[in-house]
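One chain, chain A, appears in both complexes that follow, with chain B as partner in the first and chain C in the second.
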Partner chain A sequence: MSDRLPAALTRRRASLPLLAVALCLPPFYLDAFWLRIGLFSMAAAIGAVGLALLSGTAGQLSLGHAFFLAVGAYGYAWLAGEPGPGLPPALAALLAVLLAGAAGGLFSPVAARVKGVYLGIATLALVFLGHHVLLTADSVTGGFNGRSVPPLTLGGFAFARSDPEPTVLGVPFGAEERLWYLGLALFAFTWFTARGLLRSRPGRALAALRDSETAASVMGVDVARHRSAAFVVSSMYAGLAGVLLALAFRRVVPDYFSLALSVDYLAMIVIGGLGSVAGATAGAVFVTALPLLMTRYADQLPLVTAPGSAEGAVGPTEAARYLYGAAIVLVLLYAPDGLHGLARRARDRVRRRRSRAPAPDAVVPPPSQPTAARTKEHTP
Partner chain B sequence: MTTLLDNILGGLALGAVYALVALGFVVIFKASGVLNFAHGSLLLLGGYLTAVLHDDLGFAGALALAVLVTAALAGALDRFLLQRGGQDAHSAHVQTIVTIGIDIVLLTDLSRRIGGDLLSLGDPWGDAVTELGPVTVADSRLAAIVVSAVVIGAVFALFRFTSWGLSLRAAAEDLEAAALMGVRLGRVRAGAWCLAGALAALAAVFLAAFPAPGLERTTGQIALNAFPAAILGGLASPAGALAGSLIIGLTEAFVVGYQSELHVLGEGFGDVAPYAVMLMVLLVRPTGLFGAKGAARV
Partner chain C sequence: MTDRTTTAPPVLDVRDVTVRFAGLTALDGVSFTVAPGSVHALIGPNGAGKSTCFNVLSGLCRPAAGTVTLGGTELTRLAPHRIAALGVARTFQNIVTTHGTVADNLMLGRHALSRAGFAASALRLPSAVREQREHLARAREIAGLTGLAHHFDTPVALLSYGDRKRVELARALCLEPRVLLLDEPVAGMNAAERARTAEVVGELRAGLGLSVVLVEHDMGLVMRLADDVTVLDFGRPIAHGTPDEVRRDPEVLRAYLGTDATGEDAA
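Then we have the complex of A and B:
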């Protein structure tokens, strides 16, 4: 066993740069449609990781994620644009993230005291109240029609279409190509900070809090403070995702930030596997890419018709919704630890088979903990 | 003065309908610890069935069938999907999210069928009104108040006087002890879900009746306002659900009625007022007005 672990670690370390290079390649080979899917997936993944920290690790059900995404998106659009202070876009993006964090902080009197399903409904209130504010505060949000988003510029380099388009290695670099790298950088930042956070002292405190509030508080975890801190951090990730989404859409409208969006994010972390960064990412890609892909390939799929064709037929958007509604139900009932858990179990099985075959005297690793068996919870 | 009376009556009628929905949330929560996010689409299903069937069966027949089908579906969802997940507190959280998945599937299918249409439920009240002293009330609103009062009374009697009600209360108190006393938890749960489904289907009739234009695909979302009502009262308390529903109904009616005085809050604040009230209550009492602050056992 002892010589396996370092080997696995080196393998993982070696594969990281390879993965990074692979993720940098798509703008050279794929067209704008695929780049947009990737861009939306990355933005969704950033938001989903934030929600995974809150719901998966801290065990708090939140349906208010759409609100914090909206704060980030609108915060950026207002701070960087006209009418508004017209700040430098990079500064505006940073402030928008902080603004989302502040909004989460303002909500913390509720978030720290209310728990479980009560918090779920309380955050539901945020979405509805937020949507109402977006519709009525015309001067800041532009009302029903929303407002356009100024492009992000960093040191004279604009993440938007420019004329003439510069070419890199013979590939014209438009808005999607440039934003891809921005999204990639932000996603990498999210990935490493979130994983670091989960393995840090506060991260472990949150996990303890989820498993048993009473036990955690007896061990010296400040329940209210950790709960509200988790809420603030999760809102900041949501704000970052909101900024990236706003840049990708180039226009923000209130109706996008509805309850359905919050539910989408909840679906992402559930399908991916609660409480894991990799799972949240996988779930985000699944939930984001599925409807877009189904719309694009509607004419080639059985039982699905092109949008707006016959009355009462199953369109691509509906088919995608059926699929992922069913995915939530099936994943939770048959694989409660999501895609992440499925992948881990498959890996364990392969590893066990491999270790069993060549060396009969090698110690067989203990069977992985059966995840279905849960410890009984005593606190209601 | 007449506006005041108008608003009070309107608020009571709305509150009565919310109470039917909120009571469903509470019954399900008491029996299974699950917050049913699919309630809105169950309600929509009840309304849709009534709308489709009333030409052939008449209103009463259609409603009866819709109530039965919705109740059966709710019971079946619990029995065959949710109960696979187990009965403890952790799985209740997971099952809450499962209901979101169920809601997505049901709602997608129903909105595809309804499309942009406004369906009439063929209710007997139509747009008739009654003069009550100085105020004019729609008959459908009076019917909502009367029917809800009768049905809710019956449900409370069910809790109090039947063996099923006793089992339900015992299960809500302590699952393990109830099971050891011979309560068949699976049946009690499924029964609670059936009851909640029936209540939701009934509520759909009044949500779609005059002065509302008819059943549309967003009718289920209106039922979301019963969430704050149930939370406001404390999720585990039927009496709290009743009180919460009346508060929410009256708030909504007053905000809409006095909209011109409240224009600072923006147009359409009535739709979100229930949530504002709920947030304020939760700030003061995190488990709702009537919710017991559960003592944690180690």
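Then we have the complex of A and C:
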């Protein structure tokens, strides 16, 4: 198909380096608060992409995403830290992701047989089980108080504060600045791999499973194997997100990895638009950034009070939850394909208007082809 | 996959297949043999068990008794995806396409013939990328063969009914099947579309030498394409033979038209 879309594709190829440069700039201009929002958003986006693959593409509901995030976060903290094996942090991070995948694999006898909403109920058990283990297995998890997360080091470079803070172009590079680039790299890796998956053999097989199990199986798709593989892959993305979250928080506590977190991830992929990588990212940014921004600007917002100020008042976190609850309702009512679908339609409209106007350099693609290409990447 | 198309397809042998759904006997001792490279039609009134028979052949339904063998391989114990990998492809009576474009659907048909797994696809290894490109080229060729070339990148949801039926046919062909099961390929099509589909099936059989099992209500099409016909009624095979023989068989006439007003079966 690539040979058919010269204009649209070259435009996209040209905008990619620009986007990359733009994403590298924030550490030079924004303070730690904004960088932390970005960092949490990137971590959430990685996890949301994993869930989008499972729920959006393969049609398997999971409420157990928080469990696999916890496996990644605690796995890293334990593998790299004291008490624990104290492995080199980079190796520990890799193993933590594999550990999350293995945890998903252990659940795959269930994940391969149970479908759709029923899997959602089955995975609910994982969250409660995980939470219980985190609270009770003191020696590994640190119990209720959690444990601190050792910083990641790569070839002598630590993604944490160091005492004489090095400056790059006059900007001091603390933990947030450094972690930003780590997050960016992991996020880029996630996009690259997830889009590769969606546009090739396994992605098509998963989408076929969601649309019609019967058709998929007579076309040669091993239903059980693909269902469990989707679950494992989704768990690995969750594990990676967990590692990054742990590094950003610098401390992991059990209460963070609750059912509410799983629901947050579902909210991300619904708001963003099911089954698309871009949608999952947009949803992740929305759901992550909103409560943080509302906390920061609580004093300037009507009806919202600073955290813990007065009884009966709406705190910023609750207000953010109301807002994205409302966002989910609005999305389901008016834009079932989420933010991604809205953006796509807006882009269509702009392009149609542009193609009606005289073409600047006569390489306007015939309208049917870009439509087809866009529908391909978006599998609702 | 090339050896599949050059060698003659194996014999598909259905022996005494019986299927029961909670007391209802959907198929009762059905036997027939599809000779290599022939078109074998399965006809009968509504509810005769034709689609159930297809579900047995493609592994979606496990018979209570009987065997189905493809060149000596027993199919009734195999999962649908294994049967597909042996080169048995089918279409459905009610169109079952997936979301996405015609290309996506046809590439799904290439699933059993390609290897790229999750890791290779995610990391976009050169082998996976190359494989995808090769299969895409073949899928495009098959789209051309079935008259879908100009719709290759069109979302299936935007196609007409006849074109969607053709997508199903093309997708089945993408498996490079040795046995093709067509469940009412021209149902609901207009005359021109019917003629075109009949032409494609005829070409396929001549060009690729594959065996075709055809369920169809359009008797004109059956008479034109089929070498052998098996007639089912209430799950029992009632007649067998060439189209001409079957057309004159009194049992067949009775099943389709009912007996005279005096016959007790009509009640």
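The rule is short, and it goes like this: the second predicted complex is superposed on the first by the 352 of 380 C-alpha atoms of A that agree within 3 Å, B and C clash if a C-alpha of one lies under 4 Å from a C-alpha of the other, contacts with A are read in each partner's own complex, and residues count from 1 in each chain.
One rule holds for everything that comes next: a residue touches a chain if its C-beta (ideal position, glycine included) is under 8 Å from a C-beta of that chain, and two chains touch if they have at least 3 such contacts.
Keep in mind that this is a model prediction, so the values were computed, not measured.
More residues of chain A are in touch with B than with the other of chain B and chain C. Contact with chain C, but none with chain B, is seen for A:Val233 once the two complexes are overlaid on the shared chain. Of the two partner chains, chain C is the only one touched by A:Phe192; chain B is not. When the shared chain is aligned, chain B comes close enough to touch A:Gly325, but chain C does not. By the touch criterion defined above, A:Ala205 lies against chain C but remains apart from chain B after alignment on the C-alpha atoms of chain A. Touch criterion met: A:Asp222 reaches chain C, while chain B stays clear of it. In the superposition on chain A, A:Thr214 makes contact with both chain B and chain C. Chain A residues in contact with chain B (one complex) as well as with chain C (other complex) are 214-215, 218, 376, 379-380.
For chain A in complex with chain B, the touching residues are 59, 61, 109-110, 113-118, 120-122, 124-125, 128-129, 131-133, 135-137, 213-215, 218, 259, 263, 266-267, 270, 311-312, 314-315, 318, 321-322, 324-329, 332-333, 336, 374, 376-380. Note for the complex: chain B touches chain A at residues 29, 35, 81, 84-86, 88-91, 93-98, 100-105, 108-109, 112-113, 115, 224, 227-228, 231, 235, 265-269, 271-272, 275-276, 278-279, 282-283, 286-288, 294, 296-298.
Across the complex, chain A meets chain C through its residues 1, 4, 192-194, 196-197, 200-205, 207-208, 211-212, 214-223, 229, 233, 368-369, 371-373, 375-376, 379-380. Within the complex, the chain C residues that touch chain A are 58-60, 79-81, 83-85, 89-90, 92, 96-101, 103-104, 107-114, 116-118, 121-124, 128, 132, 136, 153-155, 171, 175.
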